[in-house]
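Listed after this line are the structures, all set down as structure tokens.
After this come two complexes, each holding chain A, first together with chain B and then together with chain C.
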Partner chain A sequence: MVFNARTDLAELRALRGGLDSNAAPFYDPAHVLDSALRIVKSNSGLIDEVEKWALYEQIVVAAYDTGDVTTGNSYLDQILAKFPPKDSSRSSRLLGLQFESTGQFDKAVEVYEAALAKDESNIGLHKRIITALRAQGRKQEAIEGLVRYLDVFMSDIEGWLELSSLYLGELMYQQAAFCLEEVILLRPSNHLYHLRYADILFSFGQVELALKHYCRALELCTDNVRAFYGIRTSILALASKNDKGRGTQVDVETRDSLKKLAEEQLSSLYAKAGKDAATINTILKAWIQERA
Partner chain B sequence: MPSVHLGQKAYAKIVLHAAKYSVVSVAGLLLGTKDGAGHLTVDDAVPLFHNVLPLSPMLEVALQQVDVYCKQTDCSIVGYYFAHELLTDTSITPFTAKVASKIDDALGGDSLLLVINNKELSSDKVAVLPYSLESGSWKVQPSSSLDVSDIAVKKVGELVKHKAYEKLVDFDNHLDDIKCNWLNPAVNQLLAT
Partner chain C sequence: MYLDPAIRDWVLFPIMIVMVLVGVLRHHATQLMSSMPKSDLKGVRETQALMRGRLLRSLGAFDIPYPAFQARKQYLTTQFATTNYIKSPNQTGPPNPMADPAGMEMMMEGMKKNMVMLVPQTVIMSWITFFFSGFVLIKLPFPLTVRFKAMLQRGVETFDMDVTWVSSLSWYFLNLFGLKSIYTLILGEDNAADGTKDMAQMQMNPMQQPQQDMSKIFQSEKEFLDLADHQSVLVGVEERLLAKYGRTIGG
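Presenting the complex of A and B:
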């Protein structure tokens, strides 16, 4: 594996940008720990003093996530020395994480609550209390806490998505769908949320509405493979439920042309994917044929 | 339950999938053959999703496409694997049970459900727990019923150390970029060396 400081630094910055940004790469703590450590130890002048502390913070979190408590503690000590927790909510959050890393969740929550008493609108602290519940498998309490949190911080996308996934864990599809509705209201032009909403709707039988949202996702992101698959799967589900198009808003012609569109576009995209995808392309062709 | 042989390729892909997405749940399919006495040989695995949610549309597509592949290569979907996001959780979620039962039905019984024992992933022991469908519910089987070679476990441990999981792709990756081949030829090649 080739070490490229600039690429790694760009990835680390994207991760700090938060979940709401489309560009955020998947969080692999081992990789983050590795690349961040290399950058801070290299003294290459790529980062300034401010970014150094941000990287230290990423190192602490990633170290605890991989179970490397020693590294986490050593970088945390440096952060706490420079930014004492009694004056900093951000440091308090990390101090709480230290307790979580050794399974002392009650102590962690004490730290978060004490810091919240001085800084009650700190979103990070509120969320850590909820994730501490989730980390202990206390799902019902996590749901209740998150619902209370969202009553106040109702424009927190990450919060709504987290609640949605907690609801799905309990198979509460309707509630999960509601969360996605809130997210879509806040970010109507993000195709990913329409896709997730459609997947949820389909999963509890709202196939027509799912179809509409797959189409909307496609409008927002042309050539979106998930949208094409969603459209075709929905059309087939509608056909098996209701052959003559009675009682549905989507007539047979529209259904047929949408199915054809999805199949043609998928075929074309897969064909263009190149020789590495040759086996997969063969599978796709046969798959389409099975329910042509 | 008759014994099950879990091949190196299958075991590798399961563990690499869990290692790549260490902070969320993962799930995938087991491919292989079933003999007349119900003994399974699991030759391969197809990693499906990470951050597994009980959503059906993409799962349906994945099952259908893997089925097509099986018909083309004369094997079957013989089971399902799943890893929880929390370290110590090895429970069977209702959704996992539902998918595994559907697979069992299609196979005509004797399918295998593997729950990854997350705690054992960094050890040199076999990190999966075998379950079998008995009277409508999934029951854990003795680890002796699962045959995984020591060489395979060792090889897979080395692959994880060398971050081979970065080469592994699942169906989720494929849906985001169709050039990602969920048959994982790159990983197959690593195992062949």
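Presenting the complex of A and C:
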């Protein structure tokens, strides 16, 4: 297996930089753990003292994410020896992670709240408390905590998305839709959020609005397959409810054109996928025929 | 005119080296002294509420459906009229930095930074005037008018010497403005060793009020929000989408 220390280091640096999940690469804990351990153990001149501790932090988090508690603990002890938790909120967060990894959620929350008392606007600590609640299955409390958190940090996209997933778990579709609206306000040109919003709207019956948002998602991202499926499904749902389309915003002609567009584009996209997609193509054809 | 090379060895280079080293020292001293800015929840909430109001007025709001926009607009306009989001609701007029602990800290920080900048400058200037006065040091490559003579040739009062021959104090000033690029090379960007930035800062109002009157800001934000309208981007999205694929309605 070929590995390149420089590219790995660049990836790790990118993962460290900033809270905006749109900009960071995909987080694969096993890969992060692997590459970070290699870099740290190789003792080459690539990293200096300061970056070493940042890499240790990434190792600890990745180790706990993959369940490798021993590695996590050993590196955590080194970090805690150098940066005692009573002075550093970053160390407190890692210490709390250690408690969470062994299931001692109450002690973890204690650690977090003690650290919050000193630095109350630390976003990471707030979020860890809420995830501890969610991991224990205390969903209502997690929702309440998250609502209070978002009352202060209104522009945190991760928080709004987490809240919407919590609401969906409780089947509270309207509230989940509200959260997605906040996210769209913050990132209006991201087609994925429009897709998710459309899915939620469809789920609780607002099919017309869902159709519009599927169209918007397609406008923002050409040939988005999920959006095509969404368009066709919502048109069929509308057709079965209400025939001529009078009194609605979108009349029958437009709907028919959209449906045709969706079907044709889907067929052509999957046809381009080649021989491997033979099964998919047959399924797709059958689906299109089914309720034409 | 011919200058003794000993002047170059014993004055020119030492002054430059001393200034570079003092700059590096200043940079590290500032780093040690600067503390993390403490922010509190209420302050964050205040700024975020204002940002949310602005977001609602921006183009991004056209992507959410009209009822969602209306609901938020109504909520925010009613809330901004109250003191819900304001950090210190009992304040009348601009805040007094003496009373607000965060303001005090900011003033202390500013004073500390000023001290670090000011003391080395004064010390070096007095050192130069004490040791290195009474002779000319360098010849400037660009011509100057006669008026500069008094300033640049302090200590060597002759009548007809060229103004381009200047004393060591002017070499100090030249270095002050010119060593910035060397500092960037040694210390990286955004270093605290530069003398020109603090002079600019000292000219700015040292008693800046960073916390303006919040209720007025919220009031104006509320008025902007009242005027905000909503042109949903969802209107006509179907036609645009079909056009994107080269079709029309009914095609």
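Just so we're on the same page, the second predicted complex is superposed on the first by the 243 of 292 C-alpha atoms of A that agree within 3 Å, B and C clash if a C-alpha of one lies under 4 Å from a C-alpha of the other, contacts with A are read in each partner's own complex, and residues count from 1 in each chain.
In this text, a residue touches a chain if its C-beta (ideal position, glycine included) is under 8 Å from a C-beta of that chain, and two chains touch if they have at least 3 such contacts.
Keep in mind that what you see is a predicted model, and the values were worked out from it rather than measured.
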| item | value |
| --- | --- |
| Combined model on chain A where chain B meets chain C, clash or fit | fit |
| Which of chain B and chain C A:E253 touches, first, second, both or neither | second |
| Partner chain(s) touched by A:C215 [first = chain B, second = chain C, both, neither] | second |
| Once both complexes are placed on the shared chain, angle at chain A toward chain B and chain C, C-alpha, multiple of 10 degrees | 170 |
| Touching partner for A:L168 - first (chain B), second (chain C), both, neither | first |
| Touching partner for A:S155 - first (chain B), second (chain C), both, neither | second |
| Least Cα gap, in Å, left between chain B and chain C after the two complexes are fitted on chain A | 19 |
| Overlap of the chain B and chain C footprints on chain A, listed as residue numbers | none |
| In the complex with chain A, residue positions of chain C that touch it | 38-41, 43-45, 48-49, 51-52, 55-56, 59-65, 68, 233-234, 237-242, 244-245, 247-251 |
| Residues of chain B that touch chain A when the two form their complex | 20-23, 51, 53-58, 60-61, 64-65, 68-69, 71-72, 86, 89, 93-95, 163, 166, 174-176, 178-179, 181-183, 185 |
| Residue numbers on chain A that touch chain C, as the complex places them | 119-121, 151-155, 178, 181, 184-188, 194, 209, 212-213, 215-216, 218-219, 222, 250, 253-254, 256-258, 260-261, 265 |
| Residues of chain A defined as touching chain B within the complex | 1, 26-30, 65-66, 135, 137, 165, 168-169, 171, 198-200, 202-203, 210, 225-226, 229-230, 233-234, 269-270, 273-274, 276-277, 279-280, 282-284, 286-287, 290 |
